[in-house]
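So that you can tell them apart, the chains are marked A, B, C and D in the order they are listed, and the count of residues begins at 1 in each.
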Amino acid sequence: MEGQHTAAVAADPAAGGGYFDAYAAMGLLAVVGVLFVTVAFTANRLLRPVVHSPEKLLAYECGVDPVGEDWAHTQIRYYVYAFLYVIFAVDAIYLFPWATVFATAGYGAGTLIEMFLFIGFLAVGLLYAWKKGVLEWT
Amino acid sequence: MSFPGAGLAKGLAVTLRTMTKKTVTAQYPDVQPVLPPRSRGVIALLEENCTVCMLCARECPDWCIYIDSHKETLPAAEPNARARTRNVLDRFAIDFSLCMYCGICIEVCPFDALFWSPEFEYAETDILELTHEREKLREWMWTVPAPPALDPAAEEPKEIATARKAADKLAAAAAAALEEKGDDA
Amino acid sequence: MSPAATLLAATGSLEPAARSFLSPTGQEIVFLLVGIAVLGSAVVAVTTKQLVHAALWLIVALGGLAVEFLLLTAEFIAWVQVLIYLGSVVVLVLFGLMLTKAPIGRSPDADSKNRWVALAVALASAGTLVTLVVDAFRTSWIDLGAGGGSAAVTGASLFRNWVLPFEALSVLLLAALVGAIVLSRGDKRRVPAPRAGKLRAGRPVGSNGTVAATAPRTAPEAAGSAAGSSDAPSAGSSDAPSAPAASEES
Amino acid sequence: MNLLDTVLRCLATLVVFLTFPLVIGQTEHKVMAHMQGRLGPMYAGGFHGWAQLVADGVKFAQKEDIVPAGADRRIFQLAPAVSLLPYLFVLLAIPVGPNGFVGQAVDAGLFFVLAVMGVGVIGKLMAGWASANKFSLLGGLRTAAQLMSYELPMVLAAASVAMAAGTLSLPGIVDSWQWYWLPWQIIGAFVFFTAGLAELQRPPFDMPVADSEIIFGAYTEYTGLRFALFLLSEYVGILVVSALTAVLFLGGWHGPMSDQLGWLWMILKTFALAFVVIWLRVTYPRLREDQLMRFAWAVLIPLALVQLALTGIIKVAIS
């Protein structure tokens, strides 16, 4: 029930109210941001000239006529970096909940070692990648 | 002895030091530049000195000087003398869209009719208008600075030396005449 | 994932009348609306004929899911969702698409004939998930206190109760890493091999991973496949007729 | 919830979002010029060209909106906003002064900031792909590879601060800041700031927009207001990275008389770091693509891991 909900929030303003307030503000900011972009482009639409010319719709390639298609083969090696990032990012996010608790009472050195073990495994992975030459640009 | 990153730090120091120094930007349209003597801005023509010898037009590497002239016969000054002819300048134009400012025309002119002027603001919107005629070239003569002073130890220019010698001689003669007169008296 | 989330939203209000079924809170309404948006964009993501658009709709769906997590006060998970799924997984997908082939406009060849099978599988898995969730929670009501999903709570539960799975995860990630490296480096190690050994005749360099893995084949076939694949360098294909392709992979 | 108060905070964030980048941009014009022995803009606005960027903005707003013929229209048009707006959210969460002088305190602030900043990369990939220009595509891919490679050391360095503070809330981190964090977190500060610089594709990490190779990367086909939004996102990015570095590593509002002048200290630190960003741009040449990638993976990430270990050990030792 709505009344119950608000009552619960009122009872604990620091926690309940704060959380939803913060994200309501985020939501409001999203509206503000979208409004800003909309207003900017509406103003632009009113101010700008429109002069049609097929030439200026061509892709720009240093001033000469575009050669070939709009899409080109590129180095696949970029993909390895993206893949490495996904794995390491999954790893890195565990640091954050850990960071908030590991120094509080009841955790201490044991938790530290657990995390070192965790990071150690990934450091081995990084070392492996390094040794295999994935990080080298050949 | 260098430690890693010394070069990087040095680079930062250089840019920071440059920031505190005076800038070299010239605020041109607001502040006129101070040009050195003998700046090659544009070529000016002192028409009065020109004898239409055509040396400049012939020596010009890219043929950008146009000269038209006609001959004029002067009646003889004395009864038995020949009538003299002389060249009269009809057109003298320089196409500054071709000119490469080499200054050969000025060098070769035997009669000191061409000069460098430091004037440089003569841009035109049409390339054809960069061919400037004699009136314009004559006008630029007013912007030609006086020749720079000679080196203190330099020899006197020949013209001045001869003129001074002549003047000295004349003065001496006048003094002698005056002395003679005094003697007579 | 997303249909399940939407239905989860529905089950959230399938509660006894005492629990505000007909007078939902603002939070619940927003949850439901975002859920519908997530479902919609998820459907568009799988039905659109433009590859990159599909990935971008996936971003909308996953971002909406992050908002749902936020509404459920799972703050930490919500931002993990943004950092991992939006910031890296979808970017990885986009990356893969753009590196291989992602023309602007429709890609008719990307349509699969198995769409009905896919639909059946999707419905079946969604049904299983919904049944599971509904059965698990029934009419129990969880009060969403703020801070319930904060990083500190997550950390406490992770390092008090779930340390072993956490450590096992690191091994899993290491395995994934090594696997990725082996896959990506595999070709590179094998490419120079035919050139190094004079006795072993060259195969079309560009297609050694795909063509030769099937079976040893006769020379004309290998030459033909080399000519057919556009990215095979001509030097490799000129060598091809001299011997049948060696199958070192098998 | 006080609606009016929240609206005012949002609007204040928007104002900061639109004005501070201009200040940074103008500083860049001037600092860069003087470091190169020039004067920089001198005319717009009269006094030393102070209104140059305002004039630029007015010009951009009046320019024609061109979408290339082969482009994917909608995605092309959406990309600048996707690349810009994440920074707006980040600004809201950055604490400026003590006692709640912050747009909106978020409990998981640090993590939120990192997550949201990572979304910007999608905008750049969209721009690169939708432009129908192979140089744009290549630039977009380079951007994405660079952003992903440098996001990781950034996250790790930020995690080190979170460990030291024991909280993810940005005001909480500044509150628990002590002077000895400065030497303690110095490696992390270096890693975070450098990685932030690379995230912004600022020189010397501007390979994705290397004009000598790929014209202007993902932004090649953009003109007018959309281009201006990309530019704005770069300068807001400088503001955000400088402010975050100040908050996480330099103690934010800490300083003499921080109760009254905390906000001033915060702004001073932010602008000092923004100056360093500009200074580095003027001083160093661009890194090559291979150097760029290797620097992230072989230098910054190991350094960040070292910092993590150091933080963990010292923290457990002193607690």
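By definition in this document, contacts are C-beta pairs under 8 Å (C-beta built on N, C-alpha and C of every residue); 3 or more make two chains touch, one makes a residue touch a chain.
Keep in mind that this is a model prediction, so the values were computed, not measured.
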item: Distance-maximising chain from chain B - centres being C-alpha averages; value: C
item: Chain nearest the overall C-alpha centroid of the shown protein atoms; value: D
item: Highest-count interface - the chain pair sharing the most C-beta contacts; value: A-D
item: Whole-Å separation of chain centres (CA-atom averages), chain B against chain C; value: 80
item: Approximate Å spacing (C-alpha centroids) for the pair chain A, chain C; value: 17
item: Where chain B and chain D are represented by their mean Cα positions, the distance between them in whole Å; value: 59
item: Length of the line joining the C-alpha centres of chain A and chain B, rounded to whole Å; value: 69
item: Per-residue overlap in chain A, given as positions that touch at least 2 other chains; value: 17-20, 23, 70-71, 74, 78, 82, 84-85, 89, 93, 96, 98-100, 102, 119, 129
item: Residue list for chain D, restricted to those that touch at least two other chains; value: 70, 107-108, 111, 132, 137, 141, 144-145, 148, 151, 155, 167-168
item: Chain C residues counted as touching two or more neighbouring chains; value: 75-76, 80, 83, 87-88, 91, 95, 99, 102, 104, 147, 151-152
item: Each pair of chains that touches, named by its two labels; value: A-C, A-D, B-D, C-D
item: Chain D residues within the chain B interface of the complex; value: 31, 33-39, 42, 279-280, 282-284
item: Residues of chain A touching chain D in the complex; value: 17-26, 28-30, 32-34, 36-37, 40-41, 43-45, 47-51, 54, 56-62, 66, 68-72, 74, 78, 81-82, 84-85, 88-89, 92-93, 95-96, 98-100, 102-104, 108-109, 112, 115-116, 119, 123, 126, 129-130, 135-137
item: List of chain C residues in touch with chain D within their complex; value: 52-53, 56, 59, 75-76, 79-80, 82-83, 86-88, 90-91, 94-95, 98-99, 102, 104-105, 147, 150-152
item: Chain D residues within the chain A interface of the complex; value: 1, 6-7, 9-11, 13-14, 61-70, 81, 84-85, 88-89, 92, 103-108, 110-111, 131-135, 137-138, 141-142, 144-145, 148-149, 151-152, 155-156, 159, 162-163, 166-168, 215, 220-221, 224-225, 229, 289-290, 293-294, 297-298, 301-302, 305, 308-309, 312-313, 315-316, 319
item: Residue ranges of chain D in contact with chain C within the complex; value: 70-72, 75, 107-108, 111-112, 114-116, 118-119, 121-122, 125-126, 128-130, 132, 137, 140-141, 144-145, 148, 151, 155, 167-168
